[in-house]
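Just dropping this structure here.
As written, the chains take the letters A, B, C and D, and residue 1 is the first residue of each chain.
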Amino acid sequence: MRVAVIGIGKMGAGIAHNLVKAGHTVTVWNRSRDKAAAIEGARVANSVAEAARDAEVALTMLSDDTALAAALNDGLFDALPRGAIHVSSSTISASLSDRIADDHAARGQDYVAAPVFGRPDVAAAAQLTVIAAGPAAVIDRAQPVFDAIGRRTWRVGDRPSQANIVKLCGNYLIVSSVQSLGEAVALARGADVDTSVLLELLTENLFSGRVHTTYGGAIVEKRYRPAGFGLDLALKDVRLVLAAADAADVPMPVASLLHDAALAALHRSPPESDVAALAEFAAKNAGLPD
Amino acid sequence: MRVAVIGIGKMGAGIAHNLVKAGHTVTVWNRSRDKAAAIEGARVANSVAEAARDAEVALTMLSDDTALAAALNDGLFDALPRGAIHVSSSTISASLSDRIADDHAARGQDYVAAPVFGRPDVAAAAQLTVIAAGPAAVIDRAQPVFDAIGRRTWRVGDRPSQANIVKLCGNYLIVSSVQSLGEAVALARGADVDTSVLLELLTENLFSGRVHTTYGGAIVEKRYRPAGFGLDLALKDVRLVLAAADAADVPMPVASLLHDAALAALHRSPPESDVAALAEFAAKNAGLPD
Amino acid sequence: MRVAVIGIGKMGAGIAHNLVKAGHTVTVWNRSRDKAAAIEGARVANSVAEAARDAEVALTMLSDDTALAAALNDGLFDALPRGAIHVSSSTISASLSDRIADDHAARGQDYVAAPVFGRPDVAAAAQLTVIAAGPAAVIDRAQPVFDAIGRRTWRVGDRPSQANIVKLCGNYLIVSSVQSLGEAVALARGADVDTSVLLELLTENLFSGRVHTTYGGAIVEKRYRPAGFGLDLALKDVRLVLAAADAADVPMPVASLLHDAALAALHRSPPESDVAALAEFAAKNAGLPD
Amino acid sequence: MRVAVIGIGKMGAGIAHNLVKAGHTVTVWNRSRDKAAAIEGARVANSVAEAARDAEVALTMLSDDTALAAALNDGLFDALPRGAIHVSSSTISASLSDRIADDHAARGQDYVAAPVFGRPDVAAAAQLTVIAAGPAAVIDRAQPVFDAIGRRTWRVGDRPSQANIVKLCGNYLIVSSVQSLGEAVALARGADVDTSVLLELLTENLFSGRVHTTYGGAIVEKRYRPAGFGLDLALKDVRLVLAAADAADVPMPVASLLHDAALAALHRSPPESDVAALAEFAAKNAGLPD
């Protein structure tokens, strides 16, 4: 297929690379051109419009609502052919996702929300978990793209925002787990308990999943910087969760608490802090030494 | 060894049974005698004192601080021989655990805190996770008991309360995970997302551990009653966590939130509710139908 | 002056009446015409545009951002003469207020944000507290309007949103006081303390202001319905507070808590509940009888 | 009457002085003797027992539960004559208050809980607000003491702890108001609103009581140190509130939040900080400059 990849950050690079590898005809665009130029086997477009112009699928992987809206207005809406599919893989707000769907429909274009779980190394290995929502027939047509970049595609509904909600639920639970682990580790440290034994015990018995082992390790070893999943992005995601919850009139008290903790931690932490710095913030609030 | 088991509830029964099976000489005591009488191969004592009198190890598995203090004052302190070991496996407060250690030491008795992870079926299968803290030499002597009831013994420190802190950290993280899952599921329901797909996706990718699969399943299927891990016991444990945190001057905002949520949920829920009813409470706070 | 009053609810009616009484030439518009027709001495306009067309000052008193945006787009922007002033007295978001200011400026119109404190009876008595922000010269020109409706005008800044922020701070503190009083009263009830004595003591010694006497009385006497200051409006205002705080990157943990409490209380309370029903919600969460 | 005053801190000094002035025969005791010696016209006792021995009323004004328990065990229980009254004016836990009542009753002594509202200058001026609970006849007999030190005595119940609950409700609302004001001021600062105008407006219209004017002024002027009402004492009181609430199974989410905020603020603030430093903590969490 002819696929445009809009946004060549760490995630977009792995995705574009794997699309090339799978034999698709790939055009890439990125705000800073050099990152796009680094994708071997892909054509580099000079504008979003140029990238979208003869794409069958345009996959966007951008940082937030603002960046995606800019790409849409700077060419994607106008240039994407009728009948082509916009696959939106960024972590964006549920409300924007549904709005985009309507706007594309009005232009005769198709739209699938397909955010992913997986860090850059997982993207590079074509092992992403793809969460897709939209009309089933459209997802079917985009499936070759998902197969090239991911390990498995989960179909979670007909309405695009449902995929965004699922992605946000996942990120919410990650941030929540980090905060809870941070508090538990602060308590353990305050009571002179060896936190690495605590973590080993917890992850062998109760919480053996990837989130607890990954972030638990970072917290116990005080690896707060540089960021894997940045504290600023965690705050962004919590804000999106709260916006989605508010739209559905669902109170989420833990999410509210995470918002306030992440915002305060961001003000008080060095730049480039990881979401694990929530644990550092909790430790300092407990008067514990660095 | 001659082992007394004080407290034959669901957990104590499995423990006593496995001690008999491992060849130990077991005496059991329970407030309501019939449960004690059901342990084949064990002698039934008429009082705590009678059970403790010639024990080498007296293992207590009681419901809370009050019950343990009662057993201690109603015979355990007086009857346990000098040089014998009190193994305290109940989930009790860290402060009581350290106080008991001192009181036993003054009587020439030894003390190990050894709370366990595992539900009654795990206890019956001799697969408990034992968390032991106290003097290493004393734990060595009690090891045959731990070997008979558990899969592995984790030694987490010299001070008995350290084992209680570890146990409380685990239970805190369980309750916290249930609350967070409950909020996420409420959001998903509010946005018409299929929650069983959401859960499958989350537990396959991010949270594959036992807590998320077990409680996630209960929440998605709305199995709020009867209780496996009762909401009342969850509240009890959160109170113990907060007491330990307060003693160490560690603020734990998520634990505070869990306290208030569990207490309110307990007031508003039918009797015999499981900790999963935190999700029911969250759903009702979101105006979602039963 | 020629003054248009857009929005003749309980507050707008008192305002329009007092403007007539002060000798101004008043035109009124309301979505349901009968309320507008009830203002003696005022001309009733058939549209926002007709009301605004030859106004020197157009004062809007509408329910929320959506209603105000509708009025602006349905005639106010187009019909208000160059050099005329839009006085916005609704409780709206800070961000909308600043956006309106820019939009009016682009049309050569002036804009002042002037939300008020005071319930309908205070509006009827021309005793409102007016909080004005905008260019000083524009406020000077609008001052006769403020003098006709209020007791005192507070000038709080050059940027219109500053007045909205002040209004929101006030409403936030009202809701926060109600929640705190509700919790204190629940504790007192739980401990069999006479809550009317408690309230009298508190308001004579520590909290003699209007908010505590008014809402404290409602809480102690369990006057939760009908609404004076509706729970739904309280939630709306807390949402505006949180939006303003988020825009300024200020965490407000009490406001977050109020959001979640008000939203849950709204789902669980009968229609037409007052903000005082936060105390009812707190009492039920404590298992107290009605 | 023959009155012993146990505990001559800033509050006790004013009380003892006014009792002398009113013509009572006053004996004073303090852990550091020099403060006791500074009360003109009073006899200085060398021990609690000596002070209590021939008192008709023994008024205790000590720092906390521990200090009061020490005084009781170091002589007050043993030396206070049968039929004499212990007036407990310290801010102590509700549970200790009821326990003391029983212990005194067993010795044929009477007990009244009579905590007070008012800072040291109010105590010095004999203008305290006295909150008394206990048997009416006992309060009647202690009334001359209350008349000498206070402006008015509020009788709030037969059970002593009811007075302690009322006192705790008051202090809870003070701390809660400080926290809410701190958040509002942080928002205002974040939006470039003049906070002194904000405060003037709020206290003239909505919150004219003593707490908001006093602490609002401190917050706006950033007078965080030295302490009038110390942050550490505020934390102590919030802990007592939470203990009383937990005993009555009443969730108090704002109190929980205050606990965590005050504890973290205490760890992060310079020594001798006032409860107003909650606002400093909130401002720093918002990234605002000093």
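Going forward, contacts are C-beta pairs under 8 Å (C-beta built on N, C-alpha and C of every residue); 3 or more make two chains touch, one makes a residue touch a chain.
Computed from a prediction, not measured in an experiment: that's the story for all the values here.
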Pair of chains joined by more contacts [C-beta pairs], C-D or B-D: C-D
What is the chain whose Cα centre is as far as it gets from that of subunit B? C
State, to the nearest whole Å, the distance from the C-alpha centre of subunit C to the C-alpha centre of subunit D. 38
Would you kindly tell me how far, in whole Å, the mean C-alpha position of subunit D lies from that of subunit A? 52
Inter-centroid spacing, subunit D versus subunit B (mean Cα positions, whole Å): 39
Among the residues of subunit A, pick out those that touch two or more other chains and give their numbers. 249-253, 257, 260-261, 263-264, 267, 285-287
Work through the pairs of chains, note which ones touch, and then classify the graph as line, ring, star, complete or other. complete
Per the contact definition, I'd like the list of subunit D residues that touch subunit C in the complex. 94, 117, 129, 131, 154, 156-157, 159, 161-162, 165-166, 168-170, 172-174, 176-177, 179-181, 183-184, 186-188, 190-194, 197-198, 201-212, 241, 244-245, 248-255, 257, 261, 282, 285-288
In their shared complex, subunit B is touched by residues of subunit C numbered 260, 263-264, 267-268, 284-287
Contacting residues of subunit C [partner subunit A, same complex]: 239, 246, 249-253, 256-257, 259-261, 263-264, 267
